[in-house]
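This is the structure, below, for whatever I ask next.
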Amino acid sequence: MSHNKNAAAVEQILRSSGVDVRKCMRCGKCTATCPAFDEMEYHPHQFVYMVEKGQIDKLTASPSIWRCLSCFACMERCPRQVEPAKLIEAVRLSVIREKGANHLKPEDIPAMLDEDLPQQAIASAFRKYSK
Amino acid sequence: MQRIGVFICHCGTNIAATVDVKAVAEALSHEPGVVFSTDYQYMCSESGQTLMREAIREHKLTGVVVCSCSPRMHEATFRKAAEKEGLNPYMVEIANIREQVSWIHKDMAEATEKAVILGRAAIAKVHLNKPLKAGESPVTKRALVIGGGIAGIQTALDIAEAGFEVDIVEKQPTIGGKMAQIDKTFPTLDCAACILTPKMVDVAQNEKIKIFSYSEVESVKGFVGNFKVEIRKKARYVDEDKCTGCGLCTEKCPQKKVPNEFNMGFDTRRAVYIPFAQAVPKVATIDANNCTMMKTGKCGLCAKLCTAGAIDYKQQDQIVEREYGAIVAATGFNPLKPDKFNELGYSTCQDVVTSLELERLMNAAGPTAGTLLRPSDKTHPHTIVFVQCVGSRCDVENERGKSYCSKICCMYTAKHAMLIREKYPDTDVYVFYIDVRTPGKNFDEFYRRAVEQYGVHYIKGQVGKVVEENGTLKVQASDLLSGEQLHIDADLVVLATAVEPDKSARSIATMLTASMDTNDFFTEAHAKLRPVESPTAGIFLSGVCQGPKDIPETVSQASAAAAKVIGLLAKDKLTCNPCVANSNEMLCNGCSSCEKVCPYGAITYSDKEFRGPNRTTLIRRVATVNEAVCQGCGACTVACPSGAMDLKGFSNRQIMAEVDAICKM
Amino acid sequence: MQEMMKNRAYALLENGTVDRVLGWTRGEFAYDMTPAVFRNADEVKNGFVYNDFCAANLSKYLVKECRAGGKILVFLKPCDTYSFNQLLAEHRIKRDMIYVVGIECFGKADVEKIKEMGIEGITGITAKDGIYTVSTIYGDKAIKPADVMAERCLACKSKKHVVYDELIGNEGEVVEDCNRFDMVAKLEAMTPDERYEFWRGELSRCIRCNACRNICPACTCEQCIFDNPNSGVSQKAAVNSFEENMFHIIRAFHVAGRCTDCGECSRVCPQNIPLHLLNRKFIKDVNTFYGDYQAGEDPTAKPPLGKYEKNDIEPGEAGGAKE
Amino acid sequence: MKKLSLAKLNDFFAAIAAKQALYLPVNNKVGKADFTKWTAGTEMSKALNTVRSAKDFFFPQTENLMDFKMEGKNIEVIDSREECEDFVVFGVRACDAASFAILDSVYLVDPVDSYYKNRREHGTVVTMACGKPAETCFCGTFGIDAANPAGDVTVWEVADGYMLRANTEKGEALLAATADLLEAGDEKAVEAAQAKTREIMAKLPLAGLTFDGVGVGKTKELFDRPEWKTLSESCLGCGTCTFVCPTCQCYDVRDFDTGNGIKRFRCWDSCMYSDFTLMAHGNSRNSQVERFRQRFMHKLVYYPDRNNGTFGCVGCGRCLARCPISMNIVKVAKTLGGNK
Amino acid sequence: MQDVKEFRPTIVAFCCNWCSYAGADLAGSSRLVYPADVKIIRVPCSCRVNPLFILRAFQRGADGVIMAGCHPGDCHYTSGNYFARRRMTLLFSMLDYLGIERERTRVEWISAAEGAKFAKTMNEFVATVTALGENKRLEDLRCKK
């Protein structure tokens, strides 16, 4: 089992997200509702499942963590109050913390903007990259 | 001084594993008055009871303390055993060292210490126990069934079959309930009406059964064997005795635009109506909110047309008081309204319907005469998506739904899917499920037939959202097994919504003083051993009001409830609870404080002559408790400032003795 | 006033309306009038006294008098009529055996207050033109009645008689802004420790003489639980602080919703313990939690502890330690 | 005769309190005097008298007598008494001082009440002559001189301090122990103070009151007097008169189950109470008239009968001031004795 | 300062027979742990709980007293808990007024189905009372060993 190896990482993620992964009944509603589905390798329900099973390495290595829009639709609709978005955020955070430095500064943003970029993406990007 | 015997039960290892039973027996043997103290493997067993009986005989015990499981479990057992040995049963007290000690404490020393303290408290109480003798109260040989669905109907028929009178109170104009709205039944695909309506006719024709339709329970007083119930017969503005159910008025009423609730609002009815053709009683009802005559005083067409002269616009609600020995709650359910699930589009898209609505759309007597047409444009749907578990199995914190599994949805969805594929083979049917739950005779076979024989697409996953675009329902869903996100263009989406107890159940439970769980399902007296009884004596449970169930289960539970009622009504007298209040006339002030808090009206006052000081007499007003009416709550004992009012079996002194024993430092 | 009362007493005794008169008889000094029963016109003539020192609430005596039979005239001040109604509501007295003469009241004088002014060796007190002239062995002193009015009268809740057969003097009104809960509110605003200290300081003086209980028109039990050896809670003396608390808490609880706030308990306490502050706490709580209720106002009203509302306040929500 | 200057009063108290507990009248939070233990800064009350009498020191309201422990069928009796420490009561008035003799006549005769005796032996009573007796005072009726109280030491308040006279050995010892604070005193100052007190006494309304109509040998004459009914009619049956009375000496013995054993204690009883002398068959005096009569007959007839005519009352006036309905021994004696 | 024993409170819980006692049973059969400091006294209804019992418990050494009954509206005897609620509201308010820690007394409505609530309530209450420490303000020293 890969549990032991990653126990600390799992615990860290669970604590920082406040998510109880055991509540999940595997209905897949989070994934069904996810607007970024096509962009993601691992989908919201898989995050929940994989964190529970301790497969943190796969998740942190996956670009999926950067694809989540943090739109919170999965949290809103989850019948079990599992809140996958918080979990994805926590995984993301664990990766960012490992990197250490500040990756996005507010003053860098104007240069990156283009007309098609939705406001929400800016906000999420800032949340993702500026930790 | 009492001679007390103490018996510590091991309950196998249930108690003995965490409580040092030998040490408890030893410790309690030193308590004042204890002349015998022992432990035994299973006190409730035949040999355990024999042990107790022998000790009573041998040691001339006057009181018994059993340290065992909850008194709610075996108090009666031990009391009966003591009684067989000639000891008054109320000289037996239980110290609950299982539920309150061994099952919840892990540390043996701590658990043993607490067991000793609880044993001591019981001993302290027994010292003050007095032999009590139960009185008797008569049984009114009539039952009331609240709710006229299949549960209520079956219960009433069975009780009547045994020769007892039964009243059914149904708030709708007709009995029949939800089953009357259903098209076919799983897993046999019988026509629901074909099996229900004969039973409704049986009810109507049974002279032991009286139906109060369009009526509600107004108040319940009394207690097991002697309930007094007020029933409000709502004014239906039609004389039930005169109306022949010819239906002329319902055809001619000029007010045609009233949504037809029986058909889930898919069509309309008149202001005077009979819900459906096989209604029982087959009597018209005027819907005062929509009747032109009632609203404006102008019209009166139905009265003119009615040859029987049954129309009576001046009819008033009527309160009927009836007496019963037993009451059965059969208040049923309603499907949850899925309007909190915005993403599924129920509130915004006409073609998103609930399963019960689909029943009407498929029913030969329904708005479309049995042809499946979608509500928006009355066309045949070719792609149909079923969504399971809408509002069921939600986290308890989730305000949108219920935490329980509604139990029947998997099966009726399989039924729907199968019926649609059978009748319209060109239709694609998708069922999105979390789990398919089919325990039951021929249930899984039924589901497999839907998949294997009828080619219904069962997809493990959930629908994330439903959006209407140009008359098409865009369904976005996950397929967890393939890992895909699906996008289906559907014509009709059917939501298998959770069942929830009827809204009236809460107020009825309050009137019946029957307890309910947090979901408003009635609580049974024991989850396993007394599933059709409420903890309140004389109140029984039938059908979905106790928890989700399908028709066969409902009917069997309805019959079980009937059997319990019959068992009760067959008795001529009931033994009363001897733990009743009594007033010490020497201390009574006659102030009426107790009377004001007595919920049963069990306290009366009279002027009595007493000896005053120095050979004088004086007349004082004093309270008397009617022991057959008193239920032993004890409200009066606290209202009484002088302490004249006390409760047998739970006297002030007894409770204080327990307090003392527990707090002893 | 006294003469009008005496005249009515004669008249009603003479014409047979009543058999006895319950009033006050003269004392040893100018201020120690004792409640007394007068059986004939002569007794009234010789003994009956009424003045500002006739403070006792006579309603409780009616419990005993009703048992003696006959018809009895009683003089009741406005506050006493509330006690009368409460006794009536609790069937402790019989209305048809009693003839109630309501008497107008301007507030009673407290001789303790006179003495606290340093006036000693009192030999007589006369009231004239709104001034008391106190004669002492050291000379006469003039004082204003307002300066020596009894504490309870300063917070008088009502000058209206809620029951009477006839009235002597004018009828008054319920006093809307009587401020009688000010001290309770002040205590409530203290910290629990301060309150604890306050009450220990007061209740520790209790000598368990039972004067408060025995004068109380709500305490008419045939036998008090504290006197009953079979009650399991009998106490003859407050052996320690627990028993002091126990007696006063339970007594206040037993009269909760029944106490009319007549103030007799505090008046008679030989240790000057402000016992009315316990009863007023319950009255204030009842008013706050369950709506205004004045015991004795309406003898047919249901007492607050004999009824309930479905949405009553929860014990955990009531006042105090919410922070 | 010794003199204590006003300035040295506190030093005097401190000197006494250094060796033994010192109690003196102190105003409580409602401005009434209570005997209170002296500590530095305690101010003596100027009140004429305390609400409770000084009998509490020798006959307290409640007192533990013994303990029982039960184990199985054995009962162990434990003498829970502790030897009383020496103490001084300062500021006792003449009436209360006289009450001790009455209490002694009950508790120090055979069988001696050892609990009472123990306290009496350890207590030193310092009395204080009254400066301004009140209208409720009638100690003179019993030959008690408010200006010259008994006690181990007698104190008079004079213009610039206090005059002290030791009356007993205990008193001598007390003054000897504080000798360095005292100076020689002049009898004249005392006499002047006494004269003033006696003058006031004579002007008070109860001056000249005699209890001639009651007393020795009057049982038959008084017992069935109809006035008892009217006198007792307003009595509430409370114990106020009894509990403020310096001479009432009745007690009840009760057991308290602590859960770990029994404490047997005594507490003041009142003959006004319905359960006074309650016996197995019931109560011997079961109406308030009888109970009321008992209280006054005891003080005014039965006690004098057995004690050479000494009344069981010292005229302190507490019951006159404290009775909730203002019924008292003076009214009773006057009514029965025909003295108006 | 050797042998300092950790303070363990004595808690008396008055439970009505129909709801809260059954709730305690359910907590037991669900193996929901709560401290052994809690000792339950079964009464027919919360309205049987006399203020005398509560004071008695404090006198005899209780550090906390809790009364549990059916939810308002669900009383087996229709109205008992409504009366109990008024009585306890007034009593607790009075105790508070006398400066006696209000947190030592509590009322909770616990149904037969609420085993978890029973255990949770008891855990909370024990924690609260433990934090308050020994009952000093309503103690009777005679009852101490």
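Order as written gives the chain letters A, B, C, D and E; numbering starts at 1 within each chain.
Heads up, the rule we're going with is that a contact is a pair of C-beta atoms (placed from the backbone, for glycine too) under 8 Å apart; a residue touches a chain by one contact, two chains touch by 3 or more.
Values in this document were obtained by computation on a predicted structure and should not be read as measured data.
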Neighbouring chains shared between chain A and chain D, ordered by label: B
Geometric centre: closest chain by C-alpha means: E
Taking each chain's C-alpha mean as its centre, the one farthest from chain C: A
Length of the line joining the C-alpha centres of chain B and chain C, rounded to whole Å: 53
Centroid distance [mean C-alpha coordinates] between chain D and chain B, Å: 72
Distance between the centres, which are taken as Cα means, of chain D and chain C, whole angstrom: 30
Centre-to-centre distance between chain E and chain B (centres being mean Cα positions), rounded to whole Å: 29
Residues of chain E engaged with two or more neighbouring chains: 51-52, 56, 59-61, 73, 79, 83, 87, 142-143, 145
Multi-partner residues of chain C (at least 2 other chains): 223, 225, 233, 239, 305
Sequence positions of chain D contacting 2 or more other chains: 256, 259-260
Pairwise chain contacts, counting only pairs that touch as defined: A-B, B-C, B-D, B-E, C-D, C-E, D-E
Residue ranges of chain C touching chain B (in the complex, touch as defined): 67, 89-92, 220-225, 228, 230-233, 254-255, 302-303, 305-307
Residue numbers on chain C that touch chain D, as the complex places them: 27-29, 32-37, 56, 61, 116, 120-123, 137, 201-202, 205, 207-211, 213-215, 223, 227, 229, 236-239, 264, 267-268, 270-272
Complex contact set, residues of chain B against chain A: 343, 389, 393-395, 397-398, 400-401, 434, 460-465, 476-480, 483, 485
Chain B to chain C touching residues, read off their complex: 586-593, 596-597, 605, 612, 618-621, 639, 641-644, 652-653, 656
Chain B-touching residues of chain D, taken from the complex the two chains share: 70, 72, 257, 259-260, 286-287
